[in-house]
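Below you'll find the structures, each written out as structure tokens.
One chain, chain A, appears in both complexes that follow, with chain B as partner in the first and chain C in the second.
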Partner chain A sequence: MNLLNVIWAEMKKSHRHNFNNRLMYFSLFVWPVIQFVDSYYAFKPFNLGQDSPLSRFVPVEKLGLFLITGCLAYIFFWSLVQSAWMMGYEREQGTLEIILLTPAPRTLVMFSRAAANLLEAVWLFSIFAVLTILFMGGLHVAHWWLIPIAVVILMLSAIVWGGFLNTIFLFSRDAGFLYTIFEAPMAFFSGVRMPVMAFPLWAKMIAYAFPLTFVLNILRSIVLDGKNLSAIFQPLLELFLILLCLIIASFILVRYAEKHAKETGNLTLF
Partner chain B sequence: MWTAFSATFKRQLVTMRRAYPWSFFIGHILDGVYITIFAFLSYHFIFQGELNERFVSYTGTSDYLSYVIMGGVFNSFTVSLLMIVSRMLITEMREGTLEALLLTPSSRLGYFLGAAVQGLMRSGIEWVTIICIGLFFGLNLVSAHLALLIPILAAFCFAIFAQALVLGSFMLAFRDTYITQNTLFVVMMLVSGVSFPPEFLPQWMQCLSRIMPLYYGLDLMRAVMTKAQLSFAILQNLLLLVALGILYFFIGIIFIKQMEKSVFEKHFG
Partner chain C sequence: MLEAKKLVKYYTMKEKSGWFARKKQQIKAVNGLDLTIKRGEIVGLLGVNGAGKTTTIKMLSTLLAPTSGTLSIDGIDALQQPEAIKRRINMIAGGERMLYWRLSARENLMYFGRLYGLRGSALKNQCDELIKKVGLAESADRPVERYSKGMKQRLQIARGLINDPDYLFLDEPTLGLDAPVARQLRGMVKDLAKKKNKGILLTSHYLEEVEELCDHVYIIEKGHLLLHDTPTRIIQTIVKDRILLVVMDRLTQEDWTWLRQELDNRGIHTQKNETDEGTQLDMTAPFDLTAQFIALTHQRNFHLLRLESKKPNLEDAIIRLAEERELL
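Take a look at the complex of A and B:
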């Protein structure tokens, strides 16, 4: 009940705060669509024939599906990086201190904030992605019931990542810098536009620092390669362990951030 | 005009040294660097250097890495300069100094030029940094025609400055920076030939390329910095760039005046 109350309150707050201006839909729909088109055309200068070296990692005829699944998963994670970035405004406007004065559990607030922002941020591009996938000939799944499982994995992972970022942003007064550090490398190294298996070792090490890499691996295994549940058991286990580490880290960091803020009084100072 | 120019230049210089959000600076450099790394990994690790023949026929070069790295370098430079100039008035508005600024008899052109020239210092540092990183990833500066580089760079900066005036007026109209600027930037990156030649795009999208100074600027910069032979097309593109800059300049001046009037009536009247 507590959780639902906090989620509902955060959802109402973020809706009133973020969606009072229709320009917001540019960031939620127009930008991702243009970025998807851009990522598709960025491959055009290369050999995309039947003998393309790309087919070692992705079948050339599935390049469109590869990119749209990458963009779809990315938008889930990106919307929560953006939401965490907005945490800076809570500090500037003095509402962060008020939120922490309420009896709501702190870590719950962090994860609820992520969950509340997710649905509103992704529904529009998700519809576009589904239509694009249908236009491209549909998915290649072993069992249709794996699709809702894939969606749940995507949502849960994004929420845990968003909650963790909200916690990290509690420490910073310059949220813009953290946004730069977290957003672009995630977009680039997580395999949104390029297969991670093609990366050299140093780039793979960066890639596996982001949960999105593991989520994309599972998502594409289900919808592109038609793998069944037993075939994705190992990546699922890896993702579960990473999410567990992030949840534990969030619990510890929230307490530390609050203690630090009480000592320095910097929750309202900017 | 000189007083407004030097006063704005000095103020922006002090702001840069004391209170500039360095996340912008690092963000612009990283944007260029990511485009560079993307090109490098795609070229070497995914496609093993195998290019589409149409790429060579559209660009006149088989040096894909130099093509894309130059795109990343000048895309970051353009974004940086556009942001510096276009955000000036709306930042004054947010900080509460716009009314005082509009009440002074100072030259608005001097004010914008002061911000732009000071901003060039910052953008220049970003530009040099990305070029230096690009050299490690395969940027090949075969023949920098210095005599041509300077007038082209001047025309390019003028056209971006003029485009920033128009962008700034839209920011005032929407009272927004984030959505307005980034919508322009994603469209600009798609149609201007940053990471692939715009000729790959459908015809109707190529029309958008023709209204972007970055499209002409990139073509010119690639011609003088990465190609050994010069062609007549350089002169043609230089004239088109200057003409586009003049067009944006007059539209920008008119729009900014209208917006100032509207802001004055709505918010300070």
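Take a look at the complex of A and C:
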């Protein structure tokens, strides 16, 4: 019950605080749509026949579907980088200190914050993605009920990821560098527009440092390749382990961050 | 009762002294402070800028961990069980931060209330009541960024009361407020202690405020306790002088010579000024000299125009104390 209460508090707050400017939707909707259209037409001029290098990894007729799933998952993850970045505001404004003055479970607040921001950030683009998919066709799913499962996997992973990022921002006022780390590199290495399988080894290694890579892999296996649960058991397990690590790390980091703040008084420095 | 014993806070600062080399430097912000607050009592914490007031308040609020020392609130060890303590305390700082500016007063209160586990009608009632109490009912649904400084400060007070704390720590709550608003706040603080039986710690640079509100006062300097007593006794022990200001019909040279001699004999230090009104005398003595002076004026039928006895206040005491410390 307390869980729901804190999530609800965060939802109300972020709705009024982060989304009261309509321009916000520009970066969360118009921008990704442009990205999608851009990458779709960037592939067009090339000879993408059955013998093209790309078609070894993505069937040419499914390119649109491949890209839209990529953009969709990317938006889920990217929007939470943005929301974590706004922790800087809470620090400057002193509200972070007031949150720590309450007895609310800290890690819960971090994850609630991510969950609250996620829904609001992605609904518009999600509608666009669903319409595009219906329009393009070519969906290949083993069982219809795998689709809601895929959505839940995507949401849960994004929330865990976002909560983890929020805790990182507890540590430092200079965590803004994450913004640059995650914007273009995450889009590139996680295989949003290019299949990771087509990467050289060094790039693959970087790719698997982003949880988004694992999520996208599973998502595409379900909606593009029509794989059933047993076929994606191993990637699911891997993703589960990664998320578990992120959750555990968040718990430890939150405690450590608070302890550190209590010793140095660094929450008032910004 | 809140009891802090031998509180110490050292900040360690890492100073860059080269590309990779770092020098550690220690700042002793609070140095062995003993402090108690009973419920229903307003306690003042005074000291110059940097004396360690904010640091002390943050330690009491569990936002800072003391380097050493103990802190217990109603028998609960605050260092061992900070979660339990957080439910019973709250802290309010002056200034306009610590609120979500894009949210309304009601939304701010609802948010923080939920973090204290309040929900449903209990939460709603608590918010309504506090909004009414701090007089923000008409603007409760406007974004905070459109509030004046005083309104933001009143909202801060409401926020600090959201969990109905037993102990409340106020760090310069009237900072930058104009006189009527500050007076209103003082009334509210007094009620919280006397009617709601809350224990209150207050820091302020406005000494009349401290003198008016506080049952007793801690004066600290560089993290050390300098003095702990009631405001009245602090004034009595530090400022022994009483001042009497008199304006009378112009004195003749002869009368003045006589009067000065009499006053000198009684150990009263006098300064004479001739003004348009007449002769003005500023008299200082380590006792209340009004009665003696009036007796003297009767002897020679001097005609008094004005007589004003000045009581020393806490400010005089603090300034005197500072002067004495300088001399040491």
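Throughout what follows, the second predicted complex is superposed on the first by the 265 of 270 C-alpha atoms of A that agree within 3 Å, B and C clash if a C-alpha of one lies under 4 Å from a C-alpha of the other, contacts with A are read in each partner's own complex, and residues count from 1 in each chain.
Going forward, a residue touches a chain if its C-beta (ideal position, glycine included) is under 8 Å from a C-beta of that chain, and two chains touch if they have at least 3 such contacts.
Quantities reported herein were computed from a predicted structural model and do not represent experimental measurements.
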{"item": "First (chain B), second (chain C), both or neither touched by A:26", "value": "first"}
{"item": "Which partner reaches more residues of chain A (counting touched residues only), chain B or chain C", "value": "B"}
{"item": "Partner chain(s) touched by A:184 [first = chain B, second = chain C, both, neither]", "value": "first"}
{"item": "Which of chain B and chain C A:93 touches, first, second, both or neither", "value": "second"}
{"item": "Touching partner for A:41 - first (chain B), second (chain C), both, neither", "value": "first"}
{"item": "Chain B versus chain C as contact partner of A:234, first or second or both or neither", "value": "neither"}
{"item": "Which of chain B and chain C A:193 touches, first, second, both or neither", "value": "first"}
{"item": "Which of chain B and chain C A:264 touches, first, second, both or neither", "value": "second"}
{"item": "Complex interface listing, chain A residues touching chain B", "value": "21, 23-24, 26-27, 30-31, 34-35, 37-38, 41-48, 52-54, 57, 174, 176-177, 179-180, 184-185, 187-188, 193-195, 198-200, 203"}
{"item": "Chain A to chain C touching residues, read off their complex", "value": "1-2, 5-6, 8-9, 12-13, 16-17, 20, 93-95, 97-104, 109, 259, 261-265, 267"}
{"item": "Of all residues in chain B, those that touch chain A in their complex", "value": "21-24, 26-27, 30-31, 34, 37-38, 41-43, 45-48, 50-52, 54-55, 64, 67, 174, 176, 178-180, 182-183, 186-187, 189-190, 195-197, 200-201"}
{"item": "Residues of chain C defined as touching chain A within the complex", "value": "11-12, 55, 58, 61-65, 83-84, 86-87, 90-91, 93, 97-103, 107, 110-112, 114-117, 119, 159, 163"}
